[in-house]
């Protein structure tokens, strides 16, 4: 009999990511699977390698993929296996939040096995640094935030640990945007390209606030990796970092505890939690053994115990609502409760095409890099992305 | 087919046409080389000597005509099958092979038996005094030695026809004189047919049984050295052969066949011709005589003592002329002299430059 | 007696201002060119603590080769902690045959194009040169299709083939330019000796082109060894070259960036081509002087 | 009488792999690319033709025009910089210096490094928080700034600098070989004429190095169009789009943004621009060679 | 101080020593060149001619000795300050500059006023017939034209001493003959001092006022061409000058001064000397005579007709000898001949090779 061998193609190579994957792997192997990792660091590189393998008709068994539009074309071209049967058998519709179940379904059919949800509107901060600067609690408005940042500056630390790569900047931009347009407005922009909101003052305001952040960034920021930025907070060289919850993994890996060494607050004035979720896409390989392995993989990845272990390691939150959250850290618990309240908003990558994601990223990157950029003009450019 | 009775001719070229791209370099050339003959192709640079030789060797594609070697039509044959050996100006020795390997490469390629190769190698290296050099690489040889190896490479092929393309022109004057004599002796010893390209007239004169003087792909004169020297077929040949060059006196032919020009009057030299003409006199056929005597007069400009003889340049009615005397001379620049010559040894050319 | 007499006029000064300026220029260039290498080496020998002090020019406290050892066989990329060792051997397996093949084929091309001038040769050469100017990225998909069709995709022979194909223009150019400088008489002499196409190539032309083989092999070697994109796309998971693994190590970090390990891995990756240039740079220069690269 | 043809059969045979490569790989790929550029292919190739829409979009994309501009600026500065520095180095080494071969090796070794390594190391040296800048500031020169990689206006020059560091050695070797090939009697003639050394290099040697420098420029230009690794390793195209280059644009759209149609259109435009630059240049060289041959 | 009265000598070299690394190429050479003299340095390749010339020009570092030009000690002076012009074998034209630029580059760098440059340019280009070529690049010139430009570049410097390093050896024979005459006329017109290096003896013979024959860095003979040709100072000079070379007959001198060798007996030629000796006879001083008459006898091996004269090689007691006759000859290889010569024109050398 053929072994249940699965080649898993991921771009998860950093510490927390790697440990999270290991959690799935362990369970998969315990249940008789044979796991083979193909990981390439960097999205561009991983994508290039993956897409070429698809073109060659030699895809890996399992592809790590972001929920939403990213996998759409592969599915539409019939290159992926449906997971509807697994989903039905394991009753995914009931144990997963509707937002998630929607995001893994394409035209009514489930194709992705979700593995983790990331809350993205986080502001991590170093508690010792805040204390030393005389800041007692995390700011909840932008005005308060900037006041605190001035304190940090005066204390001689870099206020914001800034990862100067456009995709990171886009996430911060979204946090500001969310604070200005609210959950509904955010959804309207990113699902419908709502003209009214796009032409409103809120966008200009967003860009003004976003632009002000430049003053609190050190000169080494451009090009910096997110984990290098996280490390600045860990080392006490910087005060805050805006980042998704995967940054927690770095804090934990450095032996820091949430709530005592570092704080996880919502970004100022946040009205909800922007999320992004990862899943496994099961590629059509034409090999029955691999098909079987894919089913096993889907079951393992969504298994409650694995979900908790994965979330713990990666800093994410489980995709199921029926798991025991006690083992999770306080940040994750905070996020879970927000999810229960229905305050989760999907990130742009889930709702708009990769092409538009790219344009948005370019836009944000250029805007932030150019201190002379005029917010009003920039608001026009932002709206243009959705007008095409 | 009608002209193909090449039994006596070792090499016979018929209506040869050669083009490089659009340019026709040789257009309808015919030449027959007798067996055992030493034929020299002489001409200025670019006149097509190498082109012709390469065509005979089969190294050039030809556009038309035929080539026969030793009675066989080899027009389309491979170079190796033509029964020729060739020696190049640049020696073209294989730089990474020893002399011995150089000499035997062709034989080994052809699969000649070992002992036969050894025999031929021994023969050639003895004849050319290469015995001590066999293990050297070409870079370790002097120019003259390299040239001998190149000849040896043709020799071991034991063919009837040897082709030489300016084999001595990369050597210095002294060596050239020595090797010239060697080649002449080699020809006397071997008795092959040799076709030899050069632009050095001394080589041509001393080596050739016959000289073919070429210009622009056309043979101007094909004759023995003496004939070419003393009875040049046209002005080009006359000017090309001889150093210093033949003196030319422009003039006219009158209806009665007399030549007048440059102060010279020669009665009844050319019956029937008329119009402009040129009189050619070789420097050694002019003798200095007291001023007033002799057909010519002029002022000495330069005196070139050569040891055995002396060339005196003089200005004759605005034209530089030269004369040659044995040994030394007392003439000095500035002297007025007269000059006499023997009309019988002079050449006369018509308006087209052809000999009358 | 004549020392006063012979001593006349100033003897030439050996050290002139120009000379001093010349050496000053050279030394400043030495700093410019050597600095990065120097920093890489000393950083790779430092401990993480020393690096954190952010003095990149400070010499390491001691010779600490642990970063090298880790980079070689222990550094992590994802769940795998195997360093660059496997990649090193993959690179060797890819580079050596690819260099040998492309140099052979390029030499053959150059020889055929320059001496035999077959019909269409000029067009072929022009197309080849045009191909050298195209960005690799656009070759990827179609090449992948072709190789997959040949069952060579993601195999060692496949990646070797890709390198050979993309190396051809440069190597052909080198050899063609070299062979046209050789006297055509050599070729003619061999023809008269009865040697055919292959024999002339193997016994006469190849032995003569050693300088060019060195240049071509060195250029190809560094090119192929340093390649990232083609290795990433064509080599397949089992044959990933060293550069891809270097990327995995350098672009993924856990906690504090291990600059010393990054630098050691970088050095390890660059080591082979560097060694080749340091050891045979002289031959490279000689080959270039022998006429490799002209107009 | 089909002579001449069979004689060349071996040559054609030897060239057949190359013909195959050229036709299948180069021409085939180009045809494929051109065709795809007329489709709206996104993640994977499809054959849904949309005419020139991708081209229209391409030239409406500020990032692409910026990438082209950057390529031109980078290409010109990089090639010119390599040529100038390489020539200077060669001239210096040509002056019979001691330890010539040590100098030569030192100037040449960066050429053995990949662009990835070159980019990494210079990124580090030019990083304002890690590299040269804090160190020199520590030495007491507080105003010293060397933050090119993170400066929007200077980042492109940072790429140029790293490129020159990598490529100047090759030019040096080529130029030095050219200089050594120049007849020593010209130097003597110039000394008799009393020409100062720098003037000899400028007015006499430099013009004669034309072919060597042209060859070097060709080799370097081949790299310019493909510039990708260096930018990725050094600046990732940033800050903002300050160092965006066409190859990265193509790469991004092909593999990141699921915009294959646009990527292929960009590749075609890039290719056409290369041809538009190279062909007249080559043609001029060809004409000049012809004229020179004809004149003699 | 005793030797330094260089007023009459244009160039004066004292105790010159030149080393390349450890090898001493020239060791204690002295030579004086008179003003307006045409001195030719002649010798085989590698004998140090160029080295000496370069030392005079200031292009070589010298290890010892002094050099005076026009009365000034220039031992350490820069080349440009020595008042010399130099013409090189390879022409050494600046390839990317037009002829005009080539001629004036040095003047422009030296900051000579524009009208002065124009004057000198006009003068040189007129003298050398370069007017039509001024805008061409060197690559667009023929060999002879290039050589004229090279001379022009020395000419515009308006200096007293011209140095030539084998200026004609890259040209073909015909052009060489022509330009030789031009250079001779140029010297007659300008009246400068010229030092001219060559290894071509014809050039040396025809151009020189005096020839310095060198070998291994040492001057073997410094004399007029006629003296060198007819009264060579030693065997080396005798063998080096003359083509075909002088015939040498080895023999012995008896106590009474008679020479015996090769069947030749010459009574009382060298009083006082004895031991082995060599008799040298130039080919043109040997006449073919019927077998049995004449001092020598032999078999003809090769006949080289040259047009104006013919060289006949014959085997004389196992030794190749040559004789030269005017015009053609009827002798053919294999013929037995006798050969006579005039002892008065022969040279005799002692065991050391020096002339007796």
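Per-chain residue numbering starts at 1, and chain names A, B, C, D and E are given in the order in which the chains are listed.
By definition in this document, a residue touches a chain if its C-beta (ideal position, glycine included) is under 8 Å from a C-beta of that chain, and two chains touch if they have at least 3 such contacts.
Bear in mind the structure is a predicted one, so any value in this text is a computation, not a measurement.
Chemist: Where's the contact count highest, between which chains?
Modeler: Maximum number of inter-chain contact pairs occurs for C-D.
Chemist: Let me spell it out: compute each chain's centre from its C-alpha atoms, then which one is farthest from chain B's centre?
Modeler: When every chain centre is compared against chain B, the largest gap points to A.
Chemist: Considering only mean CA positions as chain centres, point out the chain farthest from chain E.
Modeler: A
Chemist: Using Cα averages as centroids, what's the distance between chain A and chain D in whole Å?
Modeler: 38
Chemist: Would you mind pulling out the distance in Å between where the CA atoms of chain B average out and where those of chain C do?
Modeler: Spacing between the chain centres: roughly 53 Å.
Chemist: Averaged over CA atoms, how far is the centre of chain C from the centre of chain D? Could you give it in whole Å?
Modeler: 16
Chemist: Which residues does chain A have that touch at least 2 chains other than itself?
Modeler: Only 48, 55 qualify.
Chemist: For chain C, which residues are shared contacts with two or more other chains?
Modeler: 140-141, 229, 247, 250
Chemist: Where does chain D touch two or more other chains at once, residue-wise?
Modeler: 45, 129-130, 251, 254
Chemist: Would you mind writing out the residues of chain B in touch with chain E in their complex?
Modeler: Against chain E, the touching part of chain B is residues 45, 172-174, 177, 180-181, 184-185, 188, 199-202, 205-206, 225-226, 229, 241-245, 282-284, 301-302, 304-309, 311, 313, 324, 326, 328, 333.
Chemist: Applying the document's contact rule, which stretches of chain A touch chain D when the two form their complex?
Modeler: 43-44, 47-48, 51, 54-55, 73-74, 77, 79, 164-166, 218-223, 353-355, 357-358, 362, 365-370
Chemist: Would you tell me which residues of chain D are touching chain A in their complex?
Modeler: 42-45, 63, 123, 127-130, 147, 149-150, 152, 155, 232, 235-236, 238-242, 251-259, 262
Chemist: Within their complex, state which residues of chain C touch chain A.
Modeler: 76-80, 140-141, 144-145, 147-148, 153-154, 229, 232-234, 237, 244, 247-257
Chemist: Help me check something: in the complex, which residues belonging to chain A touch chain C?
Modeler: 7, 10, 12-18, 21-22, 25, 36-42, 45, 48-49, 52-53, 55-58, 225, 227-228, 231, 234-235, 250, 253-254
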